[in-house]
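Labels for the chains are A, B, C and D, by order of writing; each one numbers its residues from 1.
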Amino acid sequence: MVRNLVAKGFRVMAYDIAPAALAAAGGLGASPAASAAAAARPSDLVVTMLPSSSHVESAYFGPGGVAEGIAPGRLCVDMSTIDPATSRRVAARLGERGVRFIDAPVSGGVVGAEKGTLAIMVGGDPADLDEARPALAAMGANIIHVGPVGAGEVAKLCNNLIAGVATVAVSEAFRIAEGFGVDPQVLTRVIASSSGRTWIMEHGHPVPGIVPEAASSRDYVPGFTVDLMCKDLGLAVDAARALRVPVAVASAAQQILRLASSHGYGRKDVSSVYAFLSASSAEAPV
Amino acid sequence: MVRNLVAKGFRVMAYDIAPAALAAAGGLGASPAASAAAAARPSDLVVTMLPSSSHVESAYFGPGGVAEGIAPGRLCVDMSTIDPATSRRVAARLGERGVRFIDAPVSGGVVGAEKGTLAIMVGGDPADLDEARPALAAMGANIIHVGPVGAGEVAKLCNNLIAGVATVAVSEAFRIAEGFGVDPQVLTRVIASSSGRTWIMEHGHPVPGIVPEAASSRDYVPGFTVDLMCKDLGLAVDAARALRVPVAVASAAQQILRLASSHGYGRKDVSSVYAFLSASSAEAPV
Amino acid sequence: MVRNLVAKGFRVMAYDIAPAALAAAGGLGASPAASAAAAARPSDLVVTMLPSSSHVESAYFGPGGVAEGIAPGRLCVDMSTIDPATSRRVAARLGERGVRFIDAPVSGGVVGAEKGTLAIMVGGDPADLDEARPALAAMGANIIHVGPVGAGEVAKLCNNLIAGVATVAVSEAFRIAEGFGVDPQVLTRVIASSSGRTWIMEHGHPVPGIVPEAASSRDYVPGFTVDLMCKDLGLAVDAARALRVPVAVASAAQQILRLASSHGYGRKDVSSVYAFLSASSAEAPV
Amino acid sequence: MVRNLVAKGFRVMAYDIAPAALAAAGGLGASPAASAAAAARPSDLVVTMLPSSSHVESAYFGPGGVAEGIAPGRLCVDMSTIDPATSRRVAARLGERGVRFIDAPVSGGVVGAEKGTLAIMVGGDPADLDEARPALAAMGANIIHVGPVGAGEVAKLCNNLIAGVATVAVSEAFRIAEGFGVDPQVLTRVIASSSGRTWIMEHGHPVPGIVPEAASSRDYVPGFTVDLMCKDLGLAVDAARALRVPVAVASAAQQILRLASSHGYGRKDVSSVYAFLSASSAEAPV
């Protein structure tokens, strides 16, 4: 992000609680700041990207946080993947100070970045998005306005819910086919022209050797890790809980990825769940 | 099927254990036979389509079954959706009498039939498929050879496993979006260009009014019913059990569709699971 | 609670954000206070019981909250069922002011209250528990020290995870037995002397008429509601997510109860999931 | 079984398709027969115990099977754990020849055998059970008449459904407690006096060192294996499918045990699922 912003001519002040990360940003051409507040104080636009909801709340409202430094009237863009309720809460608290906020999580992972198909899903006021668009355009090719604040996160979670579930379902299907000795190449062609067609099978096929550019064909080097998908499914399931929406299939997928992570697949590509779902070799009563 | 075969100039002998169905076949131009054996005896090709594995075994090997009447060297085509192990068992038993067998389940449902995209997935010897091809071509536009006997059923089950799971996952995702007040039209466009893209969302969208030709837009009139998808997921889960393949997500989808069926959705389109997954309106501690 | 404390001779100051509830407490002999802070200021012991983690945090640290009024050195007892991480966070923040905290959720529901088997599971310093014991003894017969702060909540969630899952499992088993026409009375006796024995079957049997005092025998009037069990399973699943513990079975039970709630069972006893899990009456392909 | 029958003075003819097993039976004092038919021909009572439904059908009706040798009026006792529908089908086919049949699966596993608490759950005519009782009493202490033919199997499956689900649920709960650092000894005492009490926690506690005689305390040497419980849950889920009963929690437990089996736990005690459900040690975003 920093590299791209600097390359496009933006002047960037950076802050990270990890000194190494901050130094790295400095190496890419950003000016290091002493705190989030210090970085926010002189800036026209604040961009944040953090690993969890509680980190976002701390970065904005904790000691030395954005809220301490930012001037009324300014705009904040949070590119973290967090739960939409947190985005709305942060926006409301900033709004009390006259500060504007949009959520803009990124989708597409490493593959998207390589292929230039990285998408930014934005929730917030359209005028605020227009103001942030030049900076966002430096980081992603495809900027989509989804709705009011939080809607970017909702779109990200809903998309990843489907993608995560599909990854496990495609893996289960191809394990069954393997058990019957059916050629996965042929099965892929059949499903690709039928009702089971999914982006996941076409671009992230879990069986090695079917789709050359898929992570499965390079030993499941990510791509998008099991742990990240597990986190996103967890956010979706958690949001569903608060909304009282039943999500049995998303929950089942989340738990399978959690188990895969426990057994060493956490940092492999999510499609490696196919490897985790191996049939038992033991001879035992069925 | 009978109508299409007769229309293409085939002479058809028909048998059904239900007198009304047999009479209906007669009305379409088929000659009624007194038993499956009687229909099989003079015929060049035997075509069967039955609701379950046990029905198939009875129709071939029960009293008055195909095996009693068919001459050695003839070919049987079973278009039922059943478990692949049964297809292989039937093929093996027929093979002992010198009778050939291929499995050729149909995919695509009512929509496929209307659009001419009905697919026939075939397992068996390629030469046998060639022999059956004229009759199959009268019934489906798209004939795909998947592999040896049973492979047609495997492809059908694997495809429907993915399609069934995706239907529930898409429904869960759009219920979450609804809970957050996000516009389903916009969300559909976002997901359609991202990793959550599925055939199901594009052609069988569960939210009414998004895809005009989807069952959801005509009060969930099928299409492909909850009960049929539940049956196919059950076959897939059962096959997985025999193969010792873990299929937690397919199982979860199967059970949700089973619950939907228990609550009156069995004969509606499978996408009506979206209606079943309504959020609770009760005010209660979350 | 108020009634019991007053009956045992305690002088009680009460506060509730709902005026009606506050008035009711007044009617039972408590002195109404203007805020949580006002109630906490003169008191030797603060007791709280609230419906969710965010309510607890607000009641302690929001405007007019306990922390504004309480004197250093005092003890707080939170009897809410919330997630253990919140208990620990509240305890830590109070500790910074020299205020002590123990968590003491209650188990046993209406049945426990009637039978005098209500249990209080306590997490915190044993000396603090001793200080609170007279007040706790006025409210529950069975006070158990589980461990440090948060351990009371952990015990409650773990117990209810098992109880909630068992309720669904017992219901599934008796639905299968019903499908085969097996007498549930006899089956209950068989299971009661075998490895499937559970407290749930013995005291909360989901089939009406087997255990006279169970909620199922009085039209599923709670008892402990579907919504409360769903909340507790949600807390357990959520805690597991933060701990990275796989909990596929607890998740499945949570989602089934969520669905039951969506279909009108939310305020019935949790054992009414048996009614929700009715077999489909439709005749359809299996 | 053979040893016990011979010890009680029964004259036993034995048959097994595995020569080694047949020789072993000979060494225990049984007379080897050349086929199931040959063993059945001169016998007053036929007792069978086989690993699956299809084995039972073959043993009775395949070439050299019981049905070829048995005289009308005789009684058969099948002690296999199979699906109740198969028991009923076998009983009906034998009934056409005037042969009687009861199902009598055994419960309790190795622990039950050691403690003399082995239970035999019987389905069939009470008079038939009385006739078989002396032989059954040589093999199990606790003979329970559940209902008509198949009811013994139903009771076994329903009991094991609950026991299997409870084993996973107890494991999940104690993994959560471990994550919070709560002492499992104390937690066991708390749950033992609350609504989460189960036979499984008391006798088959999954955490090593809590219950000395549990399999967990001897490195998960069975006991009752993961694979056997997975088989029984599979039979229960499959029976539920045919009955159209929703069993989401039993399915989830079955799939978790299937995964555990795939990862090397198949021949360990079912309580070893606790070991399989370890939390991830990886540091990754939660």
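Everything below uses one rule, namely that a contact is a pair of C-beta atoms (placed from the backbone, for glycine too) under 8 Å apart; a residue touches a chain by one contact, two chains touch by 3 or more.
What you see is a predicted model, and the numbers here were worked out from it, not measured in a lab.
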Chain pair with more C-beta contacts, C-D versus B-C: C-D
Can you tell me which chain lies farthest from chain D, using the average of the Cα atoms as each chain's centre? A
Can you give the whole-Å distance between the Cα centres of chain C and chain D? 36
Chain B and chain C: spacing of chain centres that average the CA atoms, whole Å: 46
Residue ranges of chain D touching at least 2 other chains are 234, 241, 244-248, 251-252, 255-256, 258-259, 261-262, 277, 279-280, 282, 286
Quick one: in the complex, what on chain C touches chain B? 51-52, 225, 227-228, 231, 234, 248, 252, 256, 258-259, 261-263, 266-267, 276-280, 282, 284-286
Show me the residue ranges of chain D that touch chain C in the complex, using the header's touch definition. 84, 107-109, 119, 121, 142, 144, 146-148, 150-151, 154-155, 157-163, 165-166, 168-170, 172-177, 179-183, 186-187, 189-191, 193-201, 203-204, 236, 239-253, 255-256, 277, 279-280, 282, 286
Could you please specify the touching residues of chain D with respect to chain B in the complex? 234, 237-238, 241, 244-248, 251-252, 254-256, 258-259, 261-262
